[in-house]
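Down below are the structures I want you to see.
First chain A sits with chain B, and in the next complex the same chain sits with chain C.
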Partner chain A sequence: MIPAPAPPPPVLYSTRPEWSDVEPLQQYEKANPLAPILYSEEYKDATDYLRGIVKAGEKSERVLALTEHVIRLNPAHYSAWQYRYETLLALDAPLDTEVALMDELADKYLKTYQVWHHRRLLLLRRGARAAAAELAFVGRILQRDEKNYHTWAHRQWLLASFNDDVLWGGELDFVDSMMNRDVRNNSAWHHRFFVVFQSGVREGEADRERIVRRELIYVKQNISLAPNNASAWNYLRGVLEYNRLPFSTVAAFVQPYTVLLPEAATDIVDLENPPPGRGAELPCAAAVEFLADVYEEKGGADVQTAVGLWRSLADEHDTIRKKYWEFRIRDALTALQ
Partner chain B sequence: MASTMRPVPIDSFPTPTSSTQAETEKVLLQHFPAADSTNATPTLQKNAHMQFLIRNLVQGFPQRYTSQDASQPWLMYWTLQAFSILQVGLDPGNRQKAIDTIMASQHPDGGFGGGPKQAAHLLPTYAAVCVLAIAGKPGPGGGWDEIDRNKMYKFFMSLKQPDGSFLVAHHSEVDVRGIYCLLVTATLLDIITPELVEGTAGFIASCQTYEGGFSSASQPYYAPAPDSDGPPVLLESPRPPLGEAHGGYTFCALASWVMLQPFLPSKSPSQPKINKKSLVRWLVQMQGVPIELGGFKGRTNKLVDGCYSWWVGGAFGLLESIGINPAVVAAEKPDGQAEGDWDDIDDSLLNRKALQEYILYAGQHPAGGLRDKPPKNADSYHTLYCLAGLSSAQHKVFPSPARQKELLDCWIATVDDGDKDTEAKEEALRKRVFTDALSYTEEEGTETIVGGPPNRVNATHPLFNLTITHTEAIMSHFYRQVVPPRIFKRAAAAKT
Partner chain C sequence: MNNTSDPLPPLAASAHVAHVKHALARLPGSMVNVDASRMAIVFYCIGSLDLLGVLETETSQVDRTSWRMWIWEQYVAGRYGTGFRPGPFMSTSVHSDQNGPHIIMTYTALLSLAMLRDDFSRLNRPGVLKFVNSCQNRDGSFSSMPNGGGDSDLRNLYCAFCICSLLGDWSSIDVERATTFVGSCRTYEGGYGQLPSCEAQGGTTYLAIAALRLAPPGPRPRLTAAEQARSEHWLVHNQDASGGFRGRTGKAPDACYCFWGGAALQILGAQDKLNAHAFTQFIAACQFPFGGIGRAPGQPPDPYHTYLSLAAVAMYAPRLEPGARRYGQWEFAPFDPLLNASGDTVRWARSHIPARRF
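Moving on to the complex of A and B:
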């Protein structure tokens, strides 16, 4: 194997004749700053020229090259992004070329705010025609970084912003594909809630009772698969609270998860109440908590049952949150008076 | 202890989340000392952390910090505030250097940038003003009187959006971090007004997710104006959160909510609301179990990380400000309940002891500085937020009504009696903002210090993450007030 040659050292702007008309601008004009960053020569040189360009107000092709250079060295340089955007507008530059570059940069620097926001600015200019391709691109990134906050938020913005039924149409399948990879991916659960409940009513989903039923079955099945999954329990709570349904609606489903796994599994398949799977580690603290909420909600003498469940969480199943469970006990008993 | 060190259940159904979780548990468990070990009493390596911070400050930050070039005021803030928490102040020479360095990032059109000649941005504006709160002073060269507050206010207003939110900078994104930074700055500098924060509380409330925590932002929907010339009308629904509940955003949203309280009409039916019960539940659920050493995570089914010691652990310090007070519930408990069950001075909802253990056992890098989790390197960001989290777990700082009364009694009127009604209203608001912010007081006798007194660090203001002393100094300067000395003790007063 022949080793790849090392990249040539960068040619500094200060040595390039085509940049000799620009006056580079040092960051600090006065004495040495406290806590300086020990930059590379390449970075210092490029940002000196960027400061010079910004001061002169130049907006030209070479500004696109310079800002790209600075962004590659530090993708969080928001001023470089901002100035690049203004330059693109001033030049009326072809945005499709810019998007091709952004596809590469988003892939490389997918944890920075700026790469995603720049895409958003471009999309707002390019309009709805670009949205479907964007959705596909975002999907590819999420395959690689399944919980990337910016990428999920960008997807949600894209859907809400263009609000086109064609775009919304594939979202539940997309959630399923992400959930099949990892049923504990909270970002996917949140996305499902966003799509089903929080962005208006989608095509074919006008019958809300049916939708709630569908979502309850969906989340119950996923709980039965892996009962100790906080994301799924939070979704269950979310669906009930959002639709103003009492927690007791699902009490029969929850109860088997609050006790030790029964020796013999029952043969009766109840789709409404899927039982814990064979590998379940029970009792499940989230189920015990849920059942306590059911009893608290009922009020009266049932509150004492809730107190017993909270006690078991405090002393045995979830000791780290002892103070919180004791707070819940006090709170419920105070409300009883 | 060992018996409670159970792995998080996988239910015989492994996924990428449970695999990384199991790996993390393995690493963390190695950092928990055996019962017979000699380092069973953990020590905060104050000296090593000081050396780490001083090295950055004096020699400079290594080249890998180039990624923070647009966050230079943050580097300075993380370092200086970490000193404050470690009970160390700067010498006059470095203090002046800090002021001069920060002032070089003030933008000619208002606000501060991430470095000199960078565009103004809400995040470095917060960090710069906090550095000035720590290091600055009144008078020429002191920084305080060189902050251009008029231009800063105009800069803030230029970022305002019709849904009550703010861009973090021109052509940039909206998110609740920026709003938090703007509100802290405006509160400290006496430039917060009803005009500035109109609609902002509604925006914050719309970021709360079904899980109870808050997301980065929400998406507004508008209806066309009833008369065709007017601006579009913001719809109350849908207004979906963008992104899931997250520790950093939740802290920023909750602190913003607290700072906005003086500006909310008290009895209006259209007043925005947050779900406090689900918020508390989400916050407590973010604390890791014993095998995670009680550290905090930032999202459901993610890993613990030292920085959430502050963003989530510190958020508990704001609950009393929104009316959640476990101590009051405790005091009202019914007769006949066994006293011994919860008769304990510690009425916090988080496990303060476990959080301190996470920071002490897993958060400290052996070579100095603090970190996300082992085996990661230390950095300035994690050093501050681990220390701030440690501080909030050691001290209980609460909004004291008695302290607020003292401040109100000492208020120096800045408008004459008989002035116009609007001026009187303005004055009342300023008074409320000032006394709300400075009413935070450490409750006597509630320190809980794992490892004993040598591990004690300073208390920090739960809204601003500055010491109470620095907060008082800068606010009394800008509000032109004289703050009375602190003599009040809640422990005594609460029993009456």
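Moving on to the complex of A and C:
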């Protein structure tokens, strides 16, 4: 392969005639700078002109070019972002053009707060008509980085802020598509909980009992496919607690996951209680813990059964948390007295 | 790795000192993305020296004086009060909103000055309170800059609470509204997200729990027993078999989450519920051969992971008999998990930052 030619050195603003009317301002720092950054010539030059522009208060087309340049060199430069936004408003610039540029920058600098903050400000200006396209964009970004916190946060903000039934309509299918890629993606599980339980009740979802049943079947099936998935167990706990259902509601489902060799499955497929798939690593520590909670909840003599299960976690199935399980044992026995 | 009989590799203290002193002297051009948060890097570097107990021995009086001067040079008055900016990255001779104080930088600057034992005689306390007030939003949350400027999330709220706590004055903010906002960030998993509706994450869970504990008493307890138990459950389950903490369910462990998770458990009084030996083992393994600590074994170091790792082990390293101290031991002075600094520094800050009563 022929190596790509090195990019030409950047043409500094200080050598460009079209910028000669701006007075560049060097960063003002006294004799003993602390943690000084060895700036590149390009960054030093571009920020000299940014400071000059800000001092002069200029808001023009070329400010958009300059701030874009600074942002590409340092996407966390919040002042460049802020001044860019003010300039866009002052110029009444077409925000759709800005968004097209932002699509590229968000993709490049996914982990920078400012990239997402700027998108938010733009969306608030553009209003609901832009929200559907934004949702699709966020979906594409999540295909590339499935657990990116900022991207998921942006999606949740978008849904909650515009709160439009059309936007919400596709969310469960979207979660499914993310789950199909990785059933251990906790961000997708969290998003499902947010959509189903934490964002109000939408059309067709008024029958909450039916919704809870649907969610329990959903999470059980996922556990049956991949039992050692902390995200799914947390979801199961979350659904029960949020809907004030005792853990014992699903005890029959959980039990086969707590033993080394579950009884041979019958031919009858029990949708309510899907068994562990063949080859599953059992017993599953999360199931053992869950069952212990069921027994603790029952109280009385059953607490001793819970203690036995915690003991097995401490000594065998989840030794890293030995101290936590021993605390649970002490705590439950104290409560019993 | 979690075998309690495995001996700990030595703490490479002098190599870590060299790493952060080097960063204080100069940062490479590749770190230009911290230009707008330089004060935080300064905090991590000076903080590492403070935790290692070498500020007096490894730096000169002249250095410390010049460092204090640099921090005070970032102290600016804006239209909405006074505070610290990240550094001189936008400094020009004229005032503009692009060169004003930033709430996270104000918190890190105050603690850095306390590490350097500044007397805070230059601090305009009412000015700082006015600035913190101007950063609070209607929903109780805080932005990093006045009037909803910059992003808003639990980081800013935590810093606002620390500043009010250090000043001993909560009168400029609406504490009840702010704590209600914190509560709305709690998720079904037991941790807290960065904003309401966001996934539980280790850093924001620390910020939420610390903020609730810093807040003055309210009409109701800030956390119920059930909420505490759920947070503990989520936190201890984030300890990976390697001893390290992950930031979210199902992710890989990272040294910085050892701090966030470990400190949150300390604040909840649940410090005995994690495996401290494996925890320290993990961080010991994150030490980079040439100094500094990285996010995971074999990863390059940076001041952020170096400081937070040292702070994490300062809370959990095995306590030794005084006579047993020797080179390379993981031994630290007491640490304050609420404000995130050494106990001595927090004591200094609390006795010098509040307004003097005459």
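As a convention for this text, the second predicted complex is superposed on the first by the 326 of 337 C-alpha atoms of A that agree within 3 Å, B and C clash if a C-alpha of one lies under 4 Å from a C-alpha of the other, contacts with A are read in each partner's own complex, and residues count from 1 in each chain.
The rule is simple: a contact is a pair of C-beta atoms (placed from the backbone, for glycine too) under 8 Å apart; a residue touches a chain by one contact, two chains touch by 3 or more.
Since this is a predicted model, take the numbers as computed values, not measurements.
On the superposed chain A, the two partners chain B and chain C do not both fit; they clash. By the touch criterion stated above, A:Y242 is placed in contact with chain B and with chain C alike. By the touch criterion stated above, A:N222 is placed in contact with neither chain B nor chain C. Using the contact criterion defined above for the overlaid structures, shared-chain residue A:L34 touches chain B and also reaches chain C.
By the document's definition of touching, of the two partners only chain B reaches A:G279; chain C does not.
Of the two partner chains placed around the shared chain by superposition, chain B is the only one that A:L333 touches, whereas chain C remains out of contact. Contacts of A:Q198 after superposition: both chain B and chain C are touched. Judged by the touch definition given at the top, the superposed model places A:S187 against both chain B and chain C. By the touch criterion defined above, A:R321 lies against chain B and chain C together after alignment on the C-alpha atoms of chain A. Greater residue coverage of chain A by touch, when chain B is weighed against chain C, goes to B.
Using the contact criterion defined above for the overlaid structures, shared-chain residue A:T67 touches neither chain B nor chain C, since it reaches no partner. Touched by chain B in one complex and by chain C in the other are residues 25, 27-30, 32-40, 43, 47, 51, 54-55, 73-79, 82-83, 113, 116-117, 147, 149, 152-153, 156-157, 160, 184-187, 189-190, 193-194, 197-199, 229-231, 234-235, 237-238, 241-242, 319-324, 327 of chain A.
Across the complex, chain A is touched by residues 4, 8-13, 15-18, 56-57, 60-63, 65-72, 75-76, 79, 94, 97-98, 100-101, 104, 113-119, 121, 169-173, 209-211, 215-217, 219, 221, 238, 240-246, 278, 280, 284-285, 287-290, 294, 299-302, 326, 329-330, 332-334, 337, 341-342, 346-351, 354 of chain B. Of all the residues in chain A, the ones that touch chain C in their complex are 25, 27-30, 32-40, 43, 47, 50-51, 54-55, 73-79, 82-83, 112-114, 116-117, 147, 149, 152-153, 156-157, 160, 184-187, 189-191, 193-194, 197-199, 229-231, 234-235, 237-239, 241-242, 319-324, 327. Listed in rising order, the residues of chain C touching chain A in the complex are 2, 23-24, 26-29, 31-38, 41-42, 45, 66-67, 69-71, 73, 87-94, 96-99, 144, 149-151, 187-189, 193-201, 232, 234, 236-237, 239-241, 243, 248-251, 272-275, 278. The touching residues of chain A, counted against chain B in their complex, run 25, 27-40, 43, 47, 51, 54-55, 73-79, 81-83, 85-86, 113, 116-117, 120-121, 146-147, 149, 152-153, 156-157, 160-161, 181-187, 189-190, 193-194, 197-200, 225-231, 234-235, 237-238, 241-242, 277-281, 284, 318-324, 326-327, 330-331, 333-334, 336-337.
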